[in-house]
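Shared between the two complexes below is chain A, which has chain B as its partner in the first and chain C in the second.
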Partner chain A sequence: MNGARSKAVVLWTVVAVNLILLAAPTLIILGASVTTGNIITFPPDGFSLKWYGKVFGSAVLRDAFVRSLWVSLVCTVIAVPAGTLAALALARSRIRFAKLLQLYLLLPFTVPLIGAGMGMLMLFGELGILGELWAVGLACCVINLPFMIWAVLASANALDADLENAAANCGAAPLHAFCTVTLPAVAPGIITGALLMFVLAFNEFLVSLLLTDANTVTLPVSIYNSIRNVITPDLAAVSVVYILVATAAIALLDRWVGLEIFLKSK
Partner chain B sequence: MVAVEGVSKTFGAATVVAEVSFTVAHGRFLTILGPSGSGKTTLLRMIAGFIEPTRGEIHIHGRPVSAVPPHRRSIGMVFQRLALFPHLDAWDNVEYPLRMRGFDAAEIPDRVAAMFGIVQLQGFERRRIQQLSGGQQQRVAIARALVFEPDLVLLDEPLAALDRKLREEMQLEFRRIQQELGVTTINVTHDQREALVMSDDVMVMDGGRMQQLAAPAQTYRHPANAFVATFIGVTNFLPARVASRTGSTLRVRIGTLETPARWADPQAPVPAHDAPVDCALRAEHVRLSPTPLTDTDCSIAGKVVQCIFEGDRVVYEVAVPALDRAAIRVIDRAPEAHLLFAPGAEVHIGWHARDLIVFPR
Partner chain C sequence: MLLDTLEAVRALLWPRTMRRYSSAVLLLPAIALVLVLVAGLAWMGEASLHLLDTETFDTGEDYTAANYREIGAQSTYWIVLGRSVLGAAIVTLVTLILAFPYAYVMVRTASAWTRKVLLVSLFLPFFIGQVVRAYGWLIILGREGLLNTVFGAVGLGPYKMIYNYPSVLFGLVQYLLPFAVLLIAPAVTAIDEEIELASESLGAHWLRTFRHVTLPMARPGLVAAALVVFTLALTDYAMPVILGGGTNDFIANAVYDAFFRISDSGLGSAVAIVLVLIATALAAVILTVLGAGTLGFSDERR
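And then the complex of A and B:
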């Protein structure tokens, strides 16, 4: 075997193994969700969509799903202005201690989720907002905000530093320049960040587990509660719904801004 | 008309622009030429209004503009990296200043279309910025800066990033547009060729100070000081002492050579005998010959150290023992008429007294 050929074989083997490992859980869940049996198995026992029917018929799961959507919405609505302005400040203004500030804003990544969750449990209890659904959205926003900031930073860092000066030169007053030039120019980053925040909040489990009660349980927590009893194929069906939501988000992202933004951050 | 009066800018302890004053008459093209760090960009940004002068005042059309924010000044600017709006296409970029400045909506399309004609970019109106080549993006940026008929246009080295051929093309192109529209323009560059090619006037800056303000030919032929002489053109610098002076004739001693020379500034007092001075000698003013020269004011022997053939000219480096072994750069502009001297060749160099310019040290 010559060098180039053996290199190609090794490379393709690694790629194939990676692809299989990445896709395996999804494929297994997808298979398990269409089984005709009453327990999760792979390969599935025959083919039926009865578990999907059960999922969509279940008021508990449906309510949890709606609550999760609401939590994601609250999280995104808070994260978009907060993350965008923070990222623009970091990218554009010469601020003292910019590095320190950046570190501080990325802090949520370094704190273990369980720690952050406990902290918020106590804080929210003290504030008397524990048990409110929007508070769960706020919590999701806090722990995931670095993603929003990163997404906008990637866009903002690629911009010409003179962009706002150019707008001023064209006759735009500062606020007008910000709205007509700066914001649209970083829109790809904002859209990316918003979709990320939405999907992350939709999937968020650990912190939600601590902050929700029987009346405010979100979908991931609801699934977890079911798993503790018995693992039935309807959970696989819910997981597939999840995968579809995530796929839809990525498809939207690709359609609106293109996926290259992930590949060209600073 | 633009008048800059005693403008200075200090950042902390550092003085970036010091006491600069000049005026640009209506319709003129001024280039501010200087190395990086000379304060030229800071000066330009003060005129644009992005930086506030520490001292001094800038007048545009007779009005002081210190208190006027950039968006209320009637200045078009082409930025170093163009700063085109990435979310807008070419047409919308050019239209933007008209909308911001409240032009009559009915006449906007005509004005934008006319501008696309002037910069010769018809057919590219609906292209996205990223879909345009470097030269086309330049044209959009120029159109955006000119479309609202500003009192003044500023160019912040926008051509620096282009490759040489395109850069030279755009220099002539911008000059054509500028003359067609008769718009007052201030250009900033570190490229001496660009300054000489494009401008009505050249202002040379160094260390935050204005060194000379004159027509291009004047700056080239009569540099005001040693810095201007080195910065424009390829110049040999030779430390010397005043040997003698009688009336307007000055003789200097360089190494063991004593030779007639020209005092740079006829108005300034000539230094005393034996005072240290600097002599500037342009590389293309040095003659090169295999035999001693008779039609120049001096002729000395040297040895070719290096010979670089550049097509339209040959650049030599000649070591001259009589001049403290200084390596003299010589540009031969008609190489086909001459021999090519290989390294090691024994040659004679000489020059006219008027080309050896003496500056006080």
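And then the complex of A and C:
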């Protein structure tokens, strides 16, 4: 059929444009990171891992990397219990003011990052916790919390409430029922949410830029500071860290939960 | 057993009679976290009402709306606002046009392998972050970048492809594509393919089927995607600063400059509050007029 042909051609053309757009920066960074030359040229001067060596040898970048890991860890550790419990409460019971509560919990999404970030900068300054790394992690958790709630809620809504009731009827104490029935059922959501929170905090740029100082810069901020000077291939080698972390997160997500979960209609 | 001990502790701390308050307690940590943001905004709102004394560099004690009047009086802010709103509108349109076919193919394809490739291609940039992606574009589009090298080889250029308005918009489209696709895809999944087949078997061209069946039925996803993409583009900081190089500032850059360049936290707070109000009003209007789409937390799904 002619119609079906033209449909496939048009749709796939757009998809191809998308794929090029999405993949181009990643591919170029991978390519640039293994160049031999001192500046990035095309075609590359040859294959070399010397920039990776330089990056591993740089205490500044290593420290920034470790700080970013720490920030992401703090963010995830706070978000997982807080988001999971909130999602379970939202899914399970008829809460009074449910609509209002939803809007409130969606605030981190509706408030622009620069507003949230500057507000927290002033608040943290007043509280005397500005410059603390854990405070950066806390801030990353606050601005991305809806992702965590949303991920667990998707699993919790699929959970049959009768299962929990059945456990209770069979004499399971509340905590026991929670650990053996509820938690396993929402585990995919918790894993998805935790991975999202970790990766988003690891990538968070603006809030990190606002809340860190010269001694506590995280990796995205440190890359940004270097971009503004001369663009050298060692920066591409650092950026590969992000590509690796992203690849690992996707692999874990696909293995434990399945990426297809994001296509499910609610 | 450990669980029994915990159970005993729980019973002691939280007897059955308290169960009706359970959901409130479960919500407390999340409410407290969001409160950090609200408190920060409140603090900033208060700061926006004080005027900076340009001689002593102290903020005044008195409450005044002078900072807000200052924003209205300075044409710079109007230009930045206009540039941001126009940019966000263009970015939203282009992103949705690109994202919908992607989401559609990803959901409808019969091949599990194709679906996986499309999903991974989407998540990889999503998980890599803005700074690194912008850096990749600098290598490609920069003055001595990949494209100019290619052009140079055939005797063209070099062209100036960064530090201008289109490059900022381009970077934003690339940054926001995954958000749009991930919000549209569930809405496409919800459309029964049989309805499209019915339309086509009755002789409708696929474009007509798209326009009259698929797109209207995918509206919740499109609304959510448009709202998220528009807001994120309007309020973005990284793309204008990295790909615009300070030549094409958006509102967030103006806020940053007011704080860190002019060191006027009152004025900066006022600009930020205006931006928060614009974004919130926008979300409220769109959500009331068009419905919550796929963004709502729970109500629609029951």
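Convention: the second predicted complex is superposed on the first by the 261 of 266 C-alpha atoms of A that agree within 3 Å, B and C clash if a C-alpha of one lies under 4 Å from a C-alpha of the other, contacts with A are read in each partner's own complex, and residues count from 1 in each chain.
Everything below uses one rule, namely that a contact is a pair of C-beta atoms (placed from the backbone, for glycine too) under 8 Å apart; a residue touches a chain by one contact, two chains touch by 3 or more.
Note that the structure is a prediction, hence the values are computed from the model and not measured.
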Label the relationship between chain B and chain C on chain A in the superposed model as either fit or clash. fit
Is chain A touched at more residues by chain B or by chain C? C
Counting only touches as set out at the top, which of chain B and chain C does A:73 meet: first, second, both, neither? neither
Treating the CA centre of chain A as the corner point, state the angle out to chain B and chain C, nearest 10°. 90
Which partner chains sit in contact with A:85 here, chain B, chain C, both or neither? Use first/second/both/neither. second
Please indicate which partner A:184 is in contact with in the superposed arrangement: first for chain B, second for chain C, both, or neither. first
Counting only touches as set out at the top, which of chain B and chain C does A:163 meet: first, second, both, neither? first
When the two structures are overlaid on chain A, which partner does A:173 contact: first (chain B), second (chain C), both, or neither? both
Would you check which partner chain A:129 touches, where first means chain B only, second means chain C only, and both and neither mean what they say? neither
Give me, in Å and rounded to a whole number, the least C-alpha distance separating chain B from chain C in the superposition. 9
Both chain B and chain C touch chain A; at which residues? 173-174, 176
Provide the residue numbers of chain A that touch chain B in the complex, in ascending order. 159-160, 162-163, 165-174, 176-177, 180-181, 184-185, 187
In their shared complex, at which residues does chain C touch chain A? 3, 6-7, 10-11, 22-24, 26-27, 29-34, 36-44, 47, 97-99, 101-102, 104-107, 115-116, 118-140, 142, 144-146, 149-150, 173-174, 177-178, 182, 185-187, 189-190, 200, 205-206, 228, 231, 234-235, 237-238, 242, 251-252, 255-256, 259, 265, 268-269, 272-273, 275-276, 279-280, 283, 294-302
Chain A to chain C touching residues, read off their complex: 3-4, 6-7, 10-12, 14-15, 17-19, 21-26, 28-29, 32, 39-42, 78, 81-83, 85-86, 88-93, 95, 98-99, 101-102, 104-116, 118-123, 126, 138-139, 141-143, 145, 149-150, 153, 157, 173-176, 179, 199, 202-206, 220, 223-224, 227, 231, 235-236, 239, 242-243, 245-247, 249-250, 253-254, 259-260, 262-266
Could you pull out which chain B residues touch chain A in their complex? 48-50, 69-72, 75-77, 79-88, 96-97, 100-102, 144-145, 148
